[in-house]
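The data blocks that follow each hold one structure.
The same subunit A turns up in both complexes below, where it pairs with subunit B and then with subunit C.
For the complex of A and B:
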């Protein structure tokens, strides 16, 4: 390109003349189109509305819509409505939960399980995330993350069956224990809170790992080096520097894992036993085994949803206050 | 209700049936090349693959199968779609007919449109439960029963003569059952009518019985390894040796026996219940003519009935189907006369009252 050509400026008439030779050029010069685009991009607020409208429609129809429908069903006395009958508004489905203590047990069991499994997931994944973010070279981090992601390419049920193969009476764990002479008879791992816990921790590990990795990876190494220079030992450096500065990742990971754990259904069904019935199984019972009790199932699902949100809110508040305390 | 394992034996059986079907007279050509589609909700392996492929090739009607695993779930799906369902044919257990009929979800079967209706054993096609309000509501295809299945290396045939063994301390943590089904069986074991027809005029007595059974099962909860829902689950538990005995349907157990697993079945002396799976046509079925074409074709040959038995383990309702079974398959689908005498069929008359009492009891047992 010559300086002459590079420095040459085109007049509007020239641009319009060239553009009109193509369809897009003609469209761009079409007064109606120009007026329309000018209207749409007239102000930043209008541009924001245009950008937001499709995500908003998506969230409203695909996320909030089903939840609102669930809420609506929970406030009716029949759904689906049988021929020749009418649907009425009622709070009976909610009072059934609060009035019958038999349902409290799986409800509180679910919340306790979710809390315990979230804590276990945090304890198990934090060292992995720490190793990955702080000790693996940046070049190999992507490869390592990819390796950790591989099990998540297959579905929840397939991975749950993998746990069954590991923990069954004739599974790999019992076979190894027997082979090394530690046991004579297989240990009944399956259909217990242990097998269910292993399954849930395994299935949710990634949701904890990624926020932790992200938080740890952003933490400058110089902070720890400075602490070391000032005489802080390894434990003190972790407690006073690393941990407080990764609270955001811990908070995000725990929130994700806790919320997911409260809603797990297939894993407790396949790995749990008679004494580990979780609330999702009770809810599912109203949607199929119990025949025609969708409104009760919907009300119970709404109660669990609200409880999980409230607990998560309290947890977030706690983490925020911890973070603020550390930055004072 | 069932999900079965497709294993080598099933595959070989299916392949053999494909050959037999291809070599047989072209019974499907009676159906004109209608085209279109037919939508079916059914259990795994209830529509043999070889039959499906031949039916599609001969008639041009595409068969869309959606697998179901629970009668209640199927009812809810259909109720949600009513009055314009997407399904043409669904698979209802005979004792659940009334629930579907009362909700206007089924259409009476016009048996005059089925040239092969006579291929069904009259024990099933003409029995009292098969006719409701003067109409036939479904074509019986497979029959099953609640049995005590046991690992023959761990449990003796004598122990399997009573349901009490399922609740004995000896087999603590080695048993499994479907609670809802077990409720009816325990009623029978306690000397009550598990169908609850006898208490239709006495709801208070019915509630009392359900409460007694509920308390019994809660008391015995520490002994059970697993409450399960589907046939594949109990198969898995037997194969992994997680359990030694279980209440199960005969189909999944027979499939394991046919595969050489050391398993046997019994109908205990306290009694048990039988049921029949039927193909039914949905009210306002979108492809009604194709549904009748399909039903007539699937009833056309005892070999198809045998194929269904080989794949599912349930007993075929077709005349002469057993002629096409191997010795081990015949053995796994038959019971001694003295045990069959303990069997009665599930009945539907009291279902409305029964399930209103049982369903909350099941949830209570699980939650306890």
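For the complex of A and C:
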């Protein structure tokens, strides 16, 4: 424990640094510093204000600011404002979305894809997390989790490229299928919702795995043993004990993965095709290809963020009521 | 019954390991292929693509550019994040939950939305697209992760240590610098490495806030859009080895520090 680190026999003068010829001693005796600390710590109230003021400004201007500015720009008719023209507030950017069905398809596709991919990730990673938390010794748990962490340090674009090589017409999967004689001609996996799904699940799996693992790891083994003693079979134990008690992990993992999945841009561009255009590409189009249509892009991004938040909010409410219902 | 379950689950785990590693291994192998054409089977091998990468000053400069952005943005994130964590873990105050929510916000905003919000805000602040804008966006985006890691460590620190230092006459600043900060070192180092990797690997913010000069992921993306080539594999592999090595080293290092302290 680090109690020792601080608890090493420091004398009063050493900690405070008074009267010593150390750096701390000289600092504490320096009149300017003394005046400075006296000013800062005149009252607990002032001390707290000084501690709190910078984080508060940072969070408001840097964390909240960009989102509010995006909202504001989405309500204007021109941004950046050309010299000699005036900026007006308008709702036309929002009516443009609701008025044109062209935009609906990528919008709903994004939400549905994100939902489906999130579900796939959950199904894929739950057994892995379960195995790690319940069937592996403490010492090996860390190592086996670390093994899974390594690929996730690699960036989004590099991993997307890896999936392209895996699924391409001359990719590894097609080569193996051809080699064992299942197919004559390569299956066109690429540029479909399938390749996009494989890519996104591949990118997000860890964000699901970690919350599930920590939820499962917290669950005492004795609960399952008690259920078994009372005569519950393996499936009943899982359904009545393990699953309800890990709903919290499922809920936070799914929320995280859903939000992340809706925000991917490079992966749909590289792995998807014209039939899988997602809303991220639509939004980006207003910033790159289609010239300066920033207010429309901002409005679309706002709609997307609001929809994602509402959906995850409903989802969490649902999971909460499910959890409460089970404990009754 | 239980034994069968266990074997089945262990198969699932190893299958998952394969799923996670195989695509990367294939990508690395392809970088050694002696042909311009990406695809299997690989009949002859070469190191030419790697020689090309290390001889290409543009690619090397991009590496340097990405590393510089990662280091500078990490310094900002860690300083700000530690400050916020100290505030949040200190005494209770009105609006702490709201402040925590706002602190976490940048980590929850989906990538594309975060990128364009930063793009619009940079415009408002008058930051031109380029290195400064990317550093700023990465720094803001990574603050929540620093806060989470440092808060976790801070919450395990016995309050008695600070009280003892104060009793011995240390003012709050000296107490922070000599007691709290040394205690936080493992968390700060861990958070720094995490921020470095996040920044180095980030695509979407670098793409929307970058100027003419690409960061490494943006360069790979641009090259991929104009066609696959083993050259990209070689670049991506060098980046992969770099990130995985830093990650592994950090993991070992922080674990050792946690054990020692």
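Criterion: the second predicted complex is superposed on the first by the 269 of 328 C-alpha atoms of A that agree within 3 Å, B and C clash if a C-alpha of one lies under 4 Å from a C-alpha of the other, contacts with A are read in each partner's own complex, and residues count from 1 in each chain.
Criterion: a contact is a pair of C-beta atoms (placed from the backbone, for glycine too) under 8 Å apart; a residue touches a chain by one contact, two chains touch by 3 or more.
Because the structure is a prediction, the values reported are computed rather than measured.
In the superposition on chain A, contact of A:293 is made with subunit B only, not with subunit C. Taking subunit A as the reference chain, the count of touched residues is higher for C when subunit B and subunit C are set side by side. By the document's definition of touching, of the two partners only subunit C reaches A:147; subunit B does not.
Contacts of A:182 after superposition on the shared chain: neither subunit B nor subunit C is touched. In the superposed model, A:230 makes contact with neither subunit B nor subunit C. When the two complexes are overlaid on their common chain A, residue A:132 makes contact with subunit C while staying clear of subunit B. Using the contact criterion defined above for the overlaid structures, shared-chain residue A:80 touches subunit B and also reaches subunit C.
By the touch criterion stated above, A:59 is placed in contact with subunit C alone, subunit B being left untouched. Of the two partner chains, neither subunit B nor subunit C is touched by A:32.
Of the two partner chains placed by the overlay, subunit B and subunit C both lie in contact with A:171. Residues 80, 164, 168-171, 269-270, 287, 294 of subunit A touch subunit B in one complex and subunit C in the other.
Those residues of subunit A that touch subunit C in the complex are listed here as 1-3, 5-7, 10-18, 24, 27-28, 37, 40-41, 47-48, 51-52, 54-56, 58-60, 62-67, 69-70, 73, 79-80, 124-125, 127-128, 130-132, 135, 144, 146-159, 161-166, 168-172, 175, 202, 205, 234, 259-260, 262-266, 269-270, 280, 283-284, 287, 294, 297-298, 301, 304-305, 308.
On subunit A, the positions that touch subunit B within their shared complex are 80, 82-83, 102-103, 105-106, 164, 168-171, 186, 188, 190-191, 269-270, 273-275, 277, 281-282, 285-294.
Those residues of subunit C that touch subunit A in the shared complex are 1-2, 5-6, 9-10, 12-13, 16-17, 19-24, 26-27, 30, 37-41, 80, 83-84, 86-87, 90-91, 93, 99, 102-103, 105-106, 108-121, 123-124, 140, 143, 157-158, 161, 164-165, 168-174, 178-179, 182-183, 197, 200-204, 207-208, 217, 220-221, 224-225, 228, 232-233, 236, 239-240, 243-244, 246-248, 251, 261. Interface residues of subunit B, counted against subunit A in their complex, comprise 70, 72-73, 75-76, 79-80, 82-83, 99, 103-104, 173, 180, 221, 224-227, 229, 233, 236, 240-242, 355, 359-360, 362-364, 366-368.
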